[in-house]
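Got some structures for you, see below.
Consider the two complexes below, in which subunit A is the common component and subunit B and subunit C are the respective partners.
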Partner chain A sequence: MKIKFRIRRYNPHDSKAPEPYYQAYTVDVTEGMTVLEALLKISEEQDSTLSFRKSCRSAICGSCAMTVNGFARLTCNLQVLPEHSKMGEMTIEPLANHRPVKDLVVDMTPFWNKMEKVSPFLMPTEKTAQNAVTAEDEEVIDQSQRCIMCACCNAECNSLEIDERFTAPAALAKAWRFVGDVREGHGVKRLARLSEEHGMWDCVRCIHCTQYCPKGVAPLKQIERLRSAAMKAGILDNPGAKHVEAMADSVEKFGRLDEAAMTFKTLGFLKSLGKIPLGIRMELHGKMPHPYIVPQIERIEEVREIYKEIEKTAALKEKKKE
Partner chain B sequence: MEHELRYAYYPGCVSQHMTKETNETTRKVAARLGIQLYDMPKASCCGAGLLTDYDYPLYIAINARIFAEAEAMGMDILTICSTCLMVMSTANRDLKADPKLLADTNEVLAKSGLKYSGDIEVKQLLWVLAADYGLENLKKQVVKPLNWLKAAPFYGCHSLRPSDALGFDDPEKPWSLDAAIEALGAEAVQYRGKTKCCGFQVDIVAEKTAEKMTGRRLLEGKERGANCFVTPCPFCHINLDNYQGLAEKALDTKIDMPVFHFSQLVGLALGMSPQELGLGRHLVSPEKIIK
Partner chain C sequence: MVGAGLAGMRAAIEAARSGLDVAIVSKIYPVRSHSVAAQGGINAAMKATDSWEAHMFDTVKGSDYLGDQDAIEVMCRQAPSDILELEKMGAVFSRDSEGNIAQRPFGGAGYPRTCYLADRTGHGMLHVMYEQLLKHGVFIYDEWHVLKLVVEDGSARGLIAIELDTGKLHRLHSKSVIIATGGYGRVYRTTTNALSSTGDGMGLALDAGLALMDMEFVQFHPTVLARTGILMTEGARGEGGFLLNSKGERFMEKYAPKVKELASRDVVSRAEQTEIEEGRGVDGCVLLDLRHLGAEKIKSKLSQIRALAIDFAGVDPVTSPVPVKPGHHYSMGGIATDKDGRTAIPGLFTAGESACVSVHGANRLGGNSLLETIVFGRRAGTSASEYCKTTEAKPFPESALKDACHSVATILKREEGESIFAIKKGMNDAMEDFCGIFRNKDRLAKGYEKIKELRERYKKAALVDRSDYFNNELLHYLELGQMLDISECILLGAMNREESRGSHFRTDFPKRDDEKWLKHTLAFKENGEFRLDYRDVSVTKFKPEERKY
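Moving on, here comes the complex of A and B:
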């Protein structure tokens, strides 16, 4: 079947056409052909100037991630025919959230810098190095070990799209790989650093990372694990943790979310004052949430019983470990 | 419709308070269409994702308690909040996939004499109209086709992802909101941000990120000719409407884009008045595009 590929071309060193443009190629696609194979066919048979990264062709090396029809995909892992029949087009662009260098090749330097910042290696103490890793311990970090550094998650990350300083899902998932390891000796220090601005709490929970990771790393799940671990380690003096704590309190007290109280508890008195002008506008439209007037749900005691039980179970588990 | 449509109705915390206009409109729309909504007086907050950060087993148990209430009512849950939809669907996926998790959770629930068997589904109003009720049937009920509206569908992250928990729309090519807009007589505008994030979850944690993100999405729709936005999610509505002024400031540009709750767009096409739909509660007035 003949399929038209629309490919974003870019060569800043080409004095005649230094701006990006789209070029069309028609490829005779056979059953089972991957997007990467189609690109190789174009490069071999039609246009040897087309640049893209590739290596293993087996979804292991992580080199060939690109934007296919608007979403970050590993091109060696994506077949042309089903993708084309679903989307009705075949548009190939470089990964988003990364600076294109030439055609479909992007600059990965920021990706590696973020990775380096989370110290992606085990730092045991003499004592923690002796900890045996049980199957259960391994399971907790299993997903985070599957990363092949393809950057699909960072390319899809909505938070990174807006704030280039955000640590972003790839490095956060990698951070959990070590924080969650029972042999790690500096977990709390790591968690404190990861709780700073542009860190774990700046994730917007858009779930693009988990949806588009081709290896099942589920970065959002690892970010949630980091957040739980940080709070359990007592790293609470930041807006993200305060926000979650306020929510947990609100549900236990009322069974409901108390928006006004949560804003106040998260921001504190002074910063909440900054919200007054908007608050007045909202009040005029009947939109201002008023704190502590949230009606309680029926049978709130069941919710409180759940809180108590979960706490008991966790304490028991801790004890067993010791 | 071959059979009666009955649901355990879970409006979510925010639509009982800040965005109550969509709760009230949903009740009116359901009554008009003959969809029966039964209140869940015991249902707590789902945790909005924040309880997931706090403690995973607690998040699962709190949600299982909500499911147990619906199960005892013998109904699936219908919500009008995409975040509730995602949070509950994810918990439901995990409980159904992992017998040990279900057993451990039931042990916790048993202290209050409750049990969840894993038998309910969680849906949202958009899906119920698109599938259970049917858009062809909805079309027949339209008394005022909205043919002057060019509506940008804003699905909201939590209506689309994770698709293995939600399982309705394809996150790369969602159809339900687009098709519903067309069924009501309006035009569904295609734009880049349609499946992306409004930034709500970091509104008070990383304000600047949220404000810029909201503004960018609105501008993406505006540039493609939209004269209004429509969303099935009240949190997206808060950002797109309530905080549009902040987004304008953050991006230093005027946006002035009215934003409808999905329920309101349906109500409008069914002939309800702006007062009935609570449009006066919006911060960006939709007055100029109401006929």
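Moving on, here comes the complex of A and C:
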């Protein structure tokens, strides 16, 4: 079947056409052919100036991620025919949230730098090095170990889009790989660093990373694991953790979220003033419960019972550990 | 370091640990290297009921007695400590119910001694090695393509590489260079290897005056997907998978009554090819049947295999058998080296699939190649750092960079000529059709003529992309040149070797001939032509005997 591919071309060094443009190629697509195979066919038979990255062609090296019909995908395990019949087109562009270098190739330097920033290697102490990894321990870090560093998650991350310094999902998932490892000796230090600005608390939980990850890493889940580990470790002196604390507080007191009070707790009084315009806007939209008269829900006792229960089991677990 | 696969990174880490200033040059970012695709596992005698001697015997027998026994002994003795070292670095291996590192049976092995991380062993290992590379502060030149090893007055001076991002050529001046550029799978049409597995280092070594050893020994893996060449790990049979022909028979019972599907790879591949050629295949394939393992085992232990079968063959192994056939998988041959990674040129070292130590001889056992990368990668790192500490830096020849720039410019300037892709296709067809599983004098001679002709055409080929910015086509041109040289070495070695041994099967000489051929082939390139020589095999513990499975 003949299918038209629209490919974003870009070569800033081409004096005749330094700006990006779209070029169409028609490819004779056979059953089972992947997008990467189609690109290879184009470069071998029609236009060898087309640049893109590729290597394993079996979804394990992470080279070939691109934007296909608007979404970050690995191109080597994506079949053309089903994709085309679902989307009605074949538009290939470089990954979003990354600077295009040439055609479908993007600058991965910021991606690798983010990885390096989380010290992506095991740092055991003499004592923790002795801990053997059981099957259950492995389970905890298994998802985070599956990452192939393809950057699909970062390409679709909403927080990264507005803050290029955000550590972003791939590196955060990698960070959990070590924090969650029973042999790691500096977990708390890591958590403290990850709790700083641009760190784990800057994720807005849009869940795109988990949705677009081709390897089931579920970065958001690893971020949540990091967050609860940080809270457990008592690393609370940051807006993110305070926000969660406030949330828990509010639920315990009123059985529901008191968003205005939470903003105060999270950011402190002065900072919270800066947030008032947003509050007013929310008010206008009828989205904000009145800040001073927060009604308790009925049967608040039940909610408090739940909290007590949680604390009891937690205390029990601690005792068992000792 | 040239190459950032398992062997290259392991060597770099060892050299960095000894206090040297190390840089690693790789044409793709380290975690993209093809070691990442290794699935099944890595061998080591870890248990009290196993022994390094048993591992050694299986390896020697698997090699059809062509492996050098002194080197095999080193590998098998050191395997367990290198595995533990990997764990220390952070690797996580799958565990058995007692909490020990789990081990699965693999082809050609008399004991279940293959350690694994589900079916993603290479991925797990490569990422750990990359982590350690960062930890040790090794400088990474990624997407730099090495195009020349610089040797002057008989010793290494460094190398010349092209930076993909700018098209600039750079000289990297060093006391020593370790080559770990992996295999040459892309010489063949159907291969399990990555698009980047083009054997560059072997070609570079030939140009530097080094010999390639045992190139005629090419491994064909019995279970690859037909159209794409994607591998279904031997672990699938290790976990209990069957091979069936069109009549539904487990045909391996005929060819290897004792171990059936778990005979060594050359044996199983030939059996499959025979079934297919005698009309008992299914559309040019046989069937890999995993259904009886049950959904749970397939999903937990072979989950990647399942995903690959679904994505690339449209078949779910839980409910249907997967059509597979033999396909190129591994390069037993490579740059001739000793067990410390040294080559004939002082300052040049090599390890991994680009090297030939030889521990695999005429046929490699599954799980021994990952092992080779970490044992001999480490050893090459040690040798290179010893060399650096005892040698003065010598000057980098002035003309080397100019000459390299000149030859690249010549290629880019050529206005008219054939496309390199037609030449590459010609090479793939010739090697697959004339130098595959079953070989004979006529087929090999045809292949040889064809490659000769393609080499002439290559000299006149021209590029469409003349720019110097991220020019993929230029790199493919350079890779093709190396692959044509490698093809010629494979064919020459195969034509000359008038016997059948391991993966090299001659229908006109179907027997092994120890008297004449218990020796390694060496191929040299001199003034653009190839010359063969031979070298003795190290036989220490195990005298050659007939190989039966």
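Odds and ends about this structure:
The rule we apply is simple: the second predicted complex is superposed on the first by the 301 of 322 C-alpha atoms of A that agree within 3 Å, B and C clash if a C-alpha of one lies under 4 Å from a C-alpha of the other, contacts with A are read in each partner's own complex, and residues count from 1 in each chain.
Convention: a residue touches a chain if its C-beta (ideal position, glycine included) is under 8 Å from a C-beta of that chain, and two chains touch if they have at least 3 such contacts.
Since the structure is predicted, the reported quantities are computational estimates derived from the model, not experimental observations.
Superposition model on subunit A: subunit B and subunit C are shown accommodated side by side without a clash.
Contact with neither subunit B nor subunit C is seen for A:Asn97 once the two complexes are overlaid on the shared chain. Legend: residue contacts after superposition of the two complexes on their common chain; A:Pro120 is shown touching subunit C, with no touch to subunit B. When the two structures are aligned on the shared chain, A:Asp163 is found in touch with subunit B, with no touch to subunit C.
In the superposed model, A:Arg146 makes contact with subunit C only, not with subunit B.
One geometric descriptor of the composite model is the angle centred on subunit A: between the Cα centres of subunit B and subunit C it reads 140 degrees, in steps of 10. Taking every C-alpha of subunit B against every C-alpha of subunit C after the fit on chain A, the minimum distance is 15 Å.
The residues of subunit C lying in touch with subunit A in their complex are 28-29, 31-34, 36-37, 88-90, 92, 94-95, 99, 120, 123-124, 127, 131-132, 134-135, 165, 194-196, 227-228, 230-231, 304, 307-308, 311-314, 419, 421, 463-465, 467, 469-473.
Residues 13-14, 16-19, 41-45, 47-58, 61-62, 65, 86, 104, 108-109, 111-112, 114, 157-158, 161-163, 170-173, 192, 196-197, 199-202, 204-206, 208-210, 212-213, 216, 242-243, 245-246, 280-283 of subunit B touch subunit A in their complex.
By the touch criterion stated above, subunit A contacts subunit C in their complex at residues 11, 13-14, 32, 34, 40, 43-45, 47-49, 51-63, 77, 79, 101-103, 105, 108, 112, 115-116, 120-122, 129, 132-135, 138, 141, 145-149, 178, 181, 183. Residues 69-71, 86-87, 158-159, 161-163, 166, 197, 201-208, 210-211, 224, 227-228, 231, 239-240, 243-245, 247-248, 250-251, 255-257, 259, 262-263, 266-267, 278, 281-282, 285-287, 289, 294, 297-303, 305-307, 309-310, 313-314 of subunit A touch subunit B in their complex.
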